[in-house]
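Here the chain labels run A, B, C and D in written order, and each chain numbers its own residues starting at 1.
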Amino acid sequence: MEAKEVIARRVALELRDRTLVNLGIGLPTLVACYVPAGISVAFQSENGIIGFGEPPPDGLEDPYLTDAGGGYISALPGAAAFDSATSFALIRGGHLDMTVLGGLQVDSSGRLANWMVPGKIVPGMGGAMDLVAGAKRVIVAMQHTAKGHPKIVEALTLPPTAARRVSLIVTELAVIEPTDEGLVLRERAPGVSVDTIVASTGAKLLLDGGRQCRSFRLRAWPPEAHASAPCRHRCHRCRAILLERACHVERLA
Amino acid sequence: MQDGISAERAAAMIPDGASVMFGGFLGVGSPDRVIDALVARGARGLTLICNDTASPGVGVGKLIEAGCVAHVKASHIGTNPTTQKKMISGEIEVELVPQGTLAERIRAGGSGLGGVLTRTGVGTVVSEGKQVWEIDGESFLLEMPLRADFALLRAHEADHFGNLTYRLTAANFNPVMAFAADCVIAEPEEIVPVGVIPPDAVRTPGVLVHHLVRRPQ
Amino acid sequence: MEAKEVIARRVALELRDRTLVNLGIGLPTLVACYVPAGISVAFQSENGIIGFGEPPPDGLEDPYLTDAGGGYISALPGAAAFDSATSFALIRGGHLDMTVLGGLQVDSSGRLANWMVPGKIVPGMGGAMDLVAGAKRVIVAMQHTAKGHPKIVEALTLPPTAARRVSLIVTELAVIEPTDEGLVLRERAPGVSVDTIVASTGAKLLLDGGRQCRSFRLRAWPPEAHASAPCRHRCHRCRAILLERACHVERLA
Amino acid sequence: MQDGISAERAAAMIPDGASVMFGGFLGVGSPDRVIDALVARGARGLTLICNDTASPGVGVGKLIEAGCVAHVKASHIGTNPTTQKKMISGEIEVELVPQGTLAERIRAGGSGLGGVLTRTGVGTVVSEGKQVWEIDGESFLLEMPLRADFALLRAHEADHFGNLTYRLTAANFNPVMAFAADCVIAEPEEIVPVGVIPPDAVRTPGVLVHHLVRRPQ
């Protein structure tokens, strides 16, 4: 299984019924493909819609209906459209239950850096600073290392996105929770040893349950199981589109 | 209501060096015909206030490429390598503003508020040089209101009074920018007689709109 | 002619084409009856509408369409409805060209008091403080005296509505403009002498053009002249309703 | 979405002493059935946050008369002599707030802002005890955000997700209050299936609404 898919599947288990969730562009978008059965989640796109669905069939794209990454989407029944001021009133006013964002670095105090690399790329923070400052839960979904270097570090070397401590870090190797005491290793990916995780991490990890840290479950997901309901990114085609978009975003950065 | 104006006339009204708000999010909901006319007339030295600079050949990205722009205030320029290049070369000065703060600063500018007190940006480079206020034990950044000489809006429908509607995610910054400029020019897809848009469907009251761009002949 | 009508007619001459105007409840509402021909004015009611018209025919009232005084109104073609935050963004953001408000007192610096009489009535400021602080022009429409006492005074004895100087005072006797130099008598009502005005005023008046101050014109108004256009309060029936409302408001206060 | 609840159930959820925002302007657009149920259950000690106290027997005026109210934050009480009487007798404490400031304070409370910087009230009794800030040479009053335990909204249509529409001047404070309370209860005139209200017609997104009051049987 690809690292991205492991991460997206594990993050999806954090989704709760009847909540409002914002998925950052790129990897986090994939989380929408793995919403657990029986869970109803409203996804917000900060460019102004709640309740968007799968990419539309070829030739039926609406030029006025896109997600925050500029990709065509469709609207689910019951969707609501609104302007940017309203969208960020939702984000900053504590109405967003959870956001899932990519990360460049997280430090031992749980601070996230994900919007620029000085002297290299300055894409801008977009809505990231608002999302981290405003969402009830902030989940960082990122690969554990970049070109062999740990992305979880003792102290940020990149500019932080917010002063606030994120709620959870999910990588293809582990689930880590920043706490008052420090970064706590909560779960390891199936087949990954605690030693591997520690060796790939640039900050001290507190071991929750010692070396016997529990491995997280990745339930088999029947891709077409929900064919009767609106797709919600669950069909092969939509997942392929979203995966391609996620990779495209990464190539841009 | 005045007669509708052409996109060329709208572009001619906007002098070099003007500050201009552009609706749009990655080109969706941006006033494309006026943008094309600004490029055609060779506008120079504009200050752009917009969410992002879209991509080369799309939305305000065309203004960046054509050398019309001196300053940009936006939340994101990562999708337009030309903006990055011109920023690094010093041709364009870029002020990055968190997206929610950008929306609120524009809203403050249009609503007579003295500033915006927000958690966003506290403890980041965004707070450099700005006042941080402690209110009830929490830190808030004071961000200043934002206004412009012109706001260029893309609307779905306009009636002859200038009442506007928007479509889905093409609304984005357009409604809030309608309040925050000395001259507001709207480029609608459809123009309908007064009374066709019901009062509850109006998203921008016509009193805010100074000029409507007519449909192509 | 009744004092109220004189005031409303004179204020109406201040209306300019293609402007947005808010009329306070009570006397100011009457101004809508005398909009000069050829002038198109959009009236805002701060409870959330631009473009309202005459009271509806009996039995056709809409319970969800009222003015800021709670009276039934109709919507003109092209009307726009909005919420209170938007309504006051219009008022406070400099989008309102003119407001006409009643007054209890105006002092020699042009400050208005119109929202409470300590120990007597405390109705609340409603939108008055926002209107005076935010409108481009503030016109006070009030009777020159109350029970024989001047309402234009050297210094307010009632709590001010705003720090800001109002633009113009229109009474049944005179038109007075507060300036840096003080209160300037600009016009007198037809048949009213400057001496009468000075005697009825509790503050120093600067005489613009000396004792020969020009009298204002009150063009004869053909009440049914605009029958082909929407009524806009010009018919006898609507004017009667509005006059009664204005008197009702006064009885309340 | 949960099942619709009765007005009685809604009233039972609101404990004595709670702070409650009520939409409505002189009774237009106020949640009348929940108000009646609050009177019927004999609610006590409520803090009302609302534009005005309507008039005796109308809208929140019924709560005033029935002795349900301990505090009122409103812009206007002049149309309800009972409020005035109870204020003078000390039974009800009234805080008068300029109407625009009331709307912005509620919006700030619902949008995560630290306060409102406004010209309104500068140089008046409203500024007493409050901070006045000089920003760019102009004075602005710092007004604090306003939130409540409950917001009771009157809507025109609701769908099963809680998406709301409003009608004409019955919107008033309802949309802004929807953001500013821990529990939001909407009393719509019509309840329609999901999909009947188009995305662009939604004025309050359903994610903000916790409970819908069902129509009378």
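Basically, a contact is a pair of C-beta atoms (placed from the backbone, for glycine too) under 8 Å apart; a residue touches a chain by one contact, two chains touch by 3 or more.
Everything numeric here is computed off the predicted structure, so don't read it as measured data.
For the pairs A-B and A-D, the larger set of C-beta contacts lies at A-B. Farthest from chain C in terms of Cα centroid separation is A.
Between chain C and chain D the centroid-to-centroid distance comes to 29 Å (mean Cα coordinates, whole Å). A straight line joining the Cα centres of chain B and chain C is 36 Å long.
For chain C, the set of residues that touch two or more other chains comprises 49, 75, 81-82, 88, 92, 133-134. Shared contact sites, meaning residues of chain B that touch two or more other chains, fall at 104, 107, 111-113, 118-119, 166-168, 171, 199-200.
By the definition of touch given earlier, these chain pairs are in contact: A-B, A-D, B-C, B-D, C-D. If you check the complex, the residues on chain B that touch chain A are 25-29, 51-52, 74-79, 84, 87, 94, 96, 98-104, 106-107, 118-126, 139, 156, 166-176, 203.
On the chain A side of its complex with chain D, the touching residues are 20, 42, 44, 49-51, 75, 77-82, 88-90, 92-95, 133-134.
By the touch rule above, chain B contacts chain C in their complex via residues 107, 110-113, 159-161, 163, 179-180, 194-195, 199-200, 202, 205-208.
Chain D meets chain B in the complex at residues 104, 108, 111-119, 133, 135-136, 138, 140, 144, 165-168, 171, 199-201.
Contact residues of chain C toward chain D in the complex are 45-49, 62-70, 75, 81-85, 87-88, 91-92, 121-130, 133-134, 159-164, 252-253.
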